[in-house]
Amino acid sequence: MDNTTGFSVEPPEAADAPSSESRRGFLKFAALTGAVVSMTANRALADGDIAFHAQDLSDEQLVDLFRTILKIRWHERTQADEMLSNPDYRGYNHFYAGQEAVASGVCATLRNSGPFDQIDVVYSSHRPSGHAIAKGVDIPRMCAENDFRATGLNGGYAAEMHLSDPDVGFIGADGMIGPSMPIATGSAFAFRARGSDQVSVVFGGDGTYATPHFHSALNNAKILDLPFIYVLENNLYHQYAHYTYSSPHKDIASAAAAYGIPSRVVDGQDVIQVYNAAKEAVDRARSGGGPSFIEAKTYRYYNHWGAPGAKAGELGAFGYDPLAITSFRPDREVRAWMQRDPVDIARRTLIEWGALDAAGAEAVEADVKAEIAAAFAWAAEQPLCTPEDGLEHVFTQGTVPARQFG
Amino acid sequence: MTQKSWMYSVLEAVQWEMQNDPKMIWIFELTPPVASTPGRPVINLETEFGRKRVVNTGIDENWMASCCLGASLAGSPSATYIPYQGALMPFQVIQNVAGKLRHMTGGRASMPVTWIIEMTGQTPGFAGQHSCYEEDSYYAHIPGVRTVVPSTPFDAKGMMHASLRSPDPVVFLYPAGLRTLVEDVPDEPYEVSLEKAAVRMEGSDLTIVSSGAGMPEVVKAAETLRDEGMGVEVVDLRVLKEMDTDTLVNSVAKTKRLLTVDQSYFTLCPGAEVIARVATNVDGAKYKRVAFPDAPPPASPEMFLWMRPDADKIAGAARGLV
Amino acid sequence: MDNTTGFSVEPPEAADAPSSESRRGFLKFAALTGAVVSMTANRALADGDIAFHAQDLSDEQLVDLFRTILKIRWHERTQADEMLSNPDYRGYNHFYAGQEAVASGVCATLRNSGPFDQIDVVYSSHRPSGHAIAKGVDIPRMCAENDFRATGLNGGYAAEMHLSDPDVGFIGADGMIGPSMPIATGSAFAFRARGSDQVSVVFGGDGTYATPHFHSALNNAKILDLPFIYVLENNLYHQYAHYTYSSPHKDIASAAAAYGIPSRVVDGQDVIQVYNAAKEAVDRARSGGGPSFIEAKTYRYYNHWGAPGAKAGELGAFGYDPLAITSFRPDREVRAWMQRDPVDIARRTLIEWGALDAAGAEAVEADVKAEIAAAFAWAAEQPLCTPEDGLEHVFTQGTVPARQFG
Amino acid sequence: MTQKSWMYSVLEAVQWEMQNDPKMIWIFELTPPVASTPGRPVINLETEFGRKRVVNTGIDENWMASCCLGASLAGSPSATYIPYQGALMPFQVIQNVAGKLRHMTGGRASMPVTWIIEMTGQTPGFAGQHSCYEEDSYYAHIPGVRTVVPSTPFDAKGMMHASLRSPDPVVFLYPAGLRTLVEDVPDEPYEVSLEKAAVRMEGSDLTIVSSGAGMPEVVKAAETLRDEGMGVEVVDLRVLKEMDTDTLVNSVAKTKRLLTVDQSYFTLCPGAEVIARVATNVDGAKYKRVAFPDAPPPASPEMFLWMRPDADKIAGAARGLV
C-alpha cells in the first residue's frame, strides 16, 4: 500500500503463526479451556520470522526473567493486602498483575545499569510499578515512595504515578496518557544525534492509540529513523471502554505498520515471545535500523486502580467497577485470561526447558516473597515528609516562597 | 426543590436542554454522564439520548473539545466533559480558534458550546498532574470565551442553563473538590447570569474574594471571623471572564481591606487580577493574597496539606490585615 | 493488513490507471513536454473504478466548473497586479493559482445555498480565497474584506485568513494548520446526530499530514462513521519544506486508507477527476457511508504568500523565496507544472466535449474578467473601519472596555 | 562588540553552546536557524552542525517541544524555535509535564531545555491568531518553568547562554515586534541572570513597568515625559517567572505611583501580577494599567492601531496618574 516502505510488516495473524522449533525441545500444545480467542496457546512461541533469541539465554538469565515476573506479582499482592487490611497504609496503585510478562520480557533486553550516557531509557505510564521493577528500580525505596515517605525513591513527592529513577534509566512514570510518547522519541533523537547506541522505550496502553501523540511519535520516529521502541500493552480496555471504542484496528500494530515501522503482535502473557520481539527491536535500534512497534495482547486482573481502605468487590478495589457503565469486563473474560497466567506460563516453560525444576521454582518464589515482605517492612518504618520541603525542587536551586499564609 | 450535588444539578440542566433541543449533543470520555440523588430519577444521558447524540470516545480531549466546537458552528448546541487529566489538552483550540472566531469573522460565527472542564486540586496523595488547581488563570486570560466557575450546586445548574443557551463559547470549570457539596436546588430550569459575582456574606471591615474550590474554606473562615466580631464581606467571583469589577470595587470602597484567596498557583492567580482591578479604582486600601505557592502539589499529604490554603490560614491572614 | 476494513483502498498507482471511455468522446492523449512524473496526462480521466459522474453534467454545469476556475484565477491575477502596482492597496493573499481545479471540482458537488440546516459546510485553510469563491462567497465583499473595509464580508475584522460566510456554508478560513480538521469532524458529528444528510468538508495542505490533528480527525471520523470529507491538496511543499520532510508516505492518501477510510489520489489539475472523486465521496457521506479522503496532487504557481509593495522576484512576491533555505522549488519543477494548467485543461476538455467552443470560452473569460474588475473597483470605494468597533463582536452582545488608555 | 539584532544575538549564543557541547540539538519548523549581520559571519546552524543535530520537521509544534524535553531528559541540552502560529500547541506538555517533573520526581529530573516561543503582536493587518500577544500570561502561571522575555539583543544573548546552561526548563519568549531592533552586543559568550528585572531609567515620580514588546514604546513615552520634567523610573521585567518582586517594590516604595504597560490582553496580563505584588507590599500608592483590551486584535489597521498601547497612550496614562 505504501511503496516507500521497505519493511516487512507483521500481519495480524503473526501471533497465530506456526512456531519454529526450539533447541530446548518441542513443546506440547496445551489446549485452552477459556474463551480467549486469537491468542497463541500456552507455549514458548517463536514466530516464524522472529529469531528465537531466548533460546540462547543462559539458565541464569531465564530464571531472572521468571524472578522479575514474580517480583512484580508479589509486590502487587502484598500491596493489595496492605490496602485491604492495614489501616496505616496509604499508598495506591494502578495494578499490573496479569501483564507482568510484558515489562519483564522487554526490560530484559535493555541496558539497565552503567553510566547515564550508556544505559537505555524507559518511559512508563500511569501503571508503572511493573515497568519500574523490571527496569531495576530499588524495590524498598519504591515501596517507601508509594507510601509517601521522605526516604522514598522520590522523597515522597512522586508517589506511584511519577516514580522516577534516572540511575537505572527509568525516566519514569507519567500519569498523563499521550505526552510520554513524543517525549520518549526526544531521548531517541538525542541518542541518534550524538551517535550513541542507546535505545528509548515507551510503554503505553491501548488507550494511547487514540491520542494525537500516537501519530506524532510514530511519524517522527519513522521519518528520522529514531532508536525508539513503542510497546503497546493492549489489555483490551482503557479505563471504562473497550479498545474498539477508540480504534478501528483489530490489531493496533497495523496502525503503526502503516508508517512503515516494523510492527509485531505478540502474546503478552508469554515472556519468551515478548523477549524475542523486544530483542529484535533493540538490535535493530542499536544498529541504526530505526523504530519498532510491539503490541502485546494482555490483560489486567484487577480493577483500573486500587486504594487503601478498599473492600474487595467495591470501587477502587479488586472486583467489578461500578463506574464501568458504558462497557465493563465480563466475568468470563477475566477468568479466561487468568487461565493463561504469565507466572504459570514462564514457570512451565522454564521447567520444560530444563532451566529450573519445580523445587527450584518454589525456591525462587520463596526468595522473592521474602524480598518483597522485607521491602514493605522497611518502607513502613521510613520517616514521613517535612511539610516545608514542598517548597523545594521546583527549580534546581533554592525554594519558592510560601504563599498560603498571605 | 431537592438536595442535589453540583454534578447532579449540572446534568439536570443538560438533560432538560437536550430534551428541548434535539440537535444538542454531548461527548464524554471516561466520566459517564450519569448522576443520581435521593428522591429524583437517575440521570443517564447516554441511555436516554442514545449513542448518536451522546458518545463515549477515546483519550483525545482536544478532539472532544474541537468536535463540540464544530457541532456548535453547524448549529448544534454542544457540551463535553473534559476530565482533569486532559484539562489543558484542548487549550490551544479554545484559546486560538474558539476565543477569536466571533471577532475574527466580524460577528458571523455562532458557537453555542460549553466545555465542562474538571479541575482537580485538594486531593492529598496525588502529585502534580493529579492534584493541581490552576486552569482558572489559563482560561481566564482568553478573550471571547466566557469562563465561569460555579461554587454551589444552585449556581452550577443555573449557569449551565445559561451556558447552553448562549451563542458564546463557555469554559465551565468544575472544581472536583466540590463533589460532595449538596444543597437544595429547584427541579425546574432557571438561569444564573454569566456576568455577575455573588456577595455571600456582608460586612464592612474586610472583603474576602475567592472562587470555585476556594469558597468552602473561605466561608468557614469568614464564619469564624464573624463570630470573633469581624465584619466580613465575602465575594464569590463565579465569573472569571468577564470579571464583575463593580461588585469588587464597591465592596472594597466600603471595607478598604481586601484579602484574595485562591487554590490556584500564586503568580497570576485570579486574586492578582482582583487586586489589580481594585487597586486602580480604590485609593488607600490594604491588600493580602493567599494562594497555593508557585510549586506543583507534592504527593505527600504532609507537604500538600501544609501548602494548601485552608480556613485556618485564611482566618490568620484576615486577622493580620484588619 | 487490517481486517476490520471492508473498503477497497485506492492504490497509489490509481492516478495512472487507464481511463474509462467517456460518452463525450475519446480524448487524444496530449503528450507532456515537462518534467512532471507520475501524473496523468492532460485529459478528462475517469479512474477505472470511479463512476464517471461528470459525464452526466449538463453543459451549463460544465461551463460553471470552468467559470469558477476562471474566477479564482482572475481574482488572484488582479490582486497580484494591485499589490505590484497600486500604492493604496493593502490586502495580502496566500495565492491559490495553479490549484483552482481542486476547490472548483469539490465545491461543485456540494449544496452551497439554502437554509443553514441543509447546506454543506466547508472548512478552509490559510489559503482560502479559492475555496471561498468556489463555495459561493460574494466576491466584491470578499475583495473589500481582504482590503480591510468596513463593508467587507466580515467587516474588516477577518482579512484573508479568516474569511467566513456561514450563509453559503463557508464556515471559513483558518490560519492555523491542524485545528480545523477535528473541528470539521464536529460539524459532521452534528449532522449525523440530528439525522441530516449534510456533509462537512475540510480543505488542508500536505502540511496538515504531520499535525497531531490528522490522526484525531481521521480516527474519530472512521470510528463514528461521520459524513466528513478530507480534501488534502498536496502541492508538494509546506512553506519551505518538501512534504517528504514530514511524511513517510509517497501518497498521503495511503495514511488515510490505513484507518479503513476510502481514499483516492487524483490529479488536482484536472477538474473532472476532482469532481468525480468528490461526487463519489459526497454520495457516500449523504447515504450514511461515512468519511472519505481525497488527495489531490497539485501545485501553486506563486510563492507561499504575497503582500502589497511586493516586487516581482522578491520575498512575499512572485518569484523565488529567499527564506526557502532548507528546500526550495526548482525552476524546472514550477515550469513543468505550469504546462498542466487547470484553466487550460478544463477549457480543452469542455471544448472537446462540445460543451463550449473556443469563442464561447473566450466570452466566459471576458465575463469573468469584467466581474472581477468590478469587484475590485467596488471594494476600493468601500469605507475604512471605525477604530472603536474593534471592541465589538468579542461576545454576541455588547462591547468590551477599552484598556489601552489606562 | 558588533551591532546585532535580537535573533542574531540569540543564534550566536546557541552556536557557541553547540560548538562547545556536541550533545546539544536544535529542532525547527519553518524558521531556519539562520541569521546575518554586517561584519560578522552568517550563522546557519543547519549547515554547521548537520541534520542529525539540527532538524527541519513537519508542522507539529507539540512534537518539537516534546522532543526537546525528551532529549534534555536524556542528557542533551536542547532548544527549539516555535513559530507564533504554534505558540500554544506545546502548552500542555510544558505546563503539565515539564513544569512539574522536577518537583514530582523529588528533584531527580534534569531538563536543560529551552523553548524559544515566538509571539506575534503589533502587526496591523493580520487578525487574531496572527497578531496576538498573549502567551506571556499563560506561560508565566506555570510553576517549575522559567519564563523570560528579553527585550533587547544584549539581554537576549546573555539570557540564551544562561538558559542553555540551566538544568531548569526555560520558556524563552521572542516578541517578533522586536525583530528590527539592533544594538551593540559583545561577540564573546556571557550570561544575563534569569532572575532579575532591569531598571532602564531612574526617577522618583512614577514607576512604569513593562516587558518584551511593550518596552520600546514605554521607553519612548518615558523620554517624552522626562523631557516634560517628570521623574520616570522604567522597569523592564525581563523575567516573568520567578518575577523579581524586590525591584518592583523598591521602586514603587519610592515613587508611590505605578503604571503597568502590556501588549497582552488586559485580564491577567503581567501588569496585574505586578500591581498585586506591589499593592500587598506598599501602602498608599496609586495605580494604572495599560494593556490591550480583552479582545482579539482585528485585521483592520484602523481598529488595531487604536487598540494597541503606544507611546502616546502610555504618556497620557502617566500624566493622568502623576
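As written, the chain order gives the labels A, B, C and D, with residue 1 at the start of each chain.
Simple rule for what comes next: a residue touches a chain if its C-beta (ideal position, glycine included) is under 8 Å from a C-beta of that chain, and two chains touch if they have at least 3 such contacts.
Bear in mind the structure is a predicted one, so any value in this text is a computation, not a measurement.
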Label of the chain whose CA centroid is most distant from the centroid of subunit B: C
Listed chain pair B-C, A-B or C-D that repeats interface A-D [over half of contact pairs the same by residue number]: B-C
Whole-Å gap between the CA centroids of subunit A and subunit C: 46
Averaged-CA centre spacing for the pair subunit D and subunit C, given as whole angstrom: 37
Where subunit B and subunit D are represented by their mean Cα positions, the distance between them in whole Å: 30
Between subunit B and subunit C, centroid-to-centroid distance (C-alpha), Å: 41
Multi-chain contact sites of subunit B, meaning residues that touch two or more partners: 57-58, 60, 62-63, 89, 92, 96-97, 103-104, 127-129, 143-144, 242, 288-289, 293-296, 298-299
Residues of subunit A whose C-beta touches two or more other chains: 156-158, 162, 176, 210, 212-213, 216, 219, 223, 245-247, 394, 400
Arrangement of touching chains [line / ring / star / complete / other]: complete
Touch list for subunit B against partner subunit C, complex: 22-23, 25, 52-53, 55, 57-58, 60, 62-63, 66-76, 78, 92-93, 96-97, 101-110, 143-144, 146, 166-168, 242
Residue ranges of subunit A touching subunit D (in the complex, touch as defined): 116-117, 121, 152-158, 162, 164-166, 171-172, 174, 176, 179-180, 182-194, 198, 200, 212-213, 216-217, 219-220, 223-224, 392-396, 400
Residues of subunit A defined as touching subunit B within the complex: 90, 92, 148, 150, 156-159, 161-162, 175-178, 207-212, 238-241, 245-247, 323, 325-327, 384-391, 394, 400-406
Complex contact set, residues of subunit C against subunit A: 1-5, 9, 11-12, 210, 212-216, 219, 222-223, 245-251, 254-255, 257-260
Contacting residues of subunit B [partner subunit D, same complex]: 88-89, 91-92, 95-97, 99-100, 103-104, 127-129, 132, 134, 137-138, 140-144, 241-243, 264-265, 267-273, 275-276, 279-280, 283-284, 286-289, 293-296, 298-299
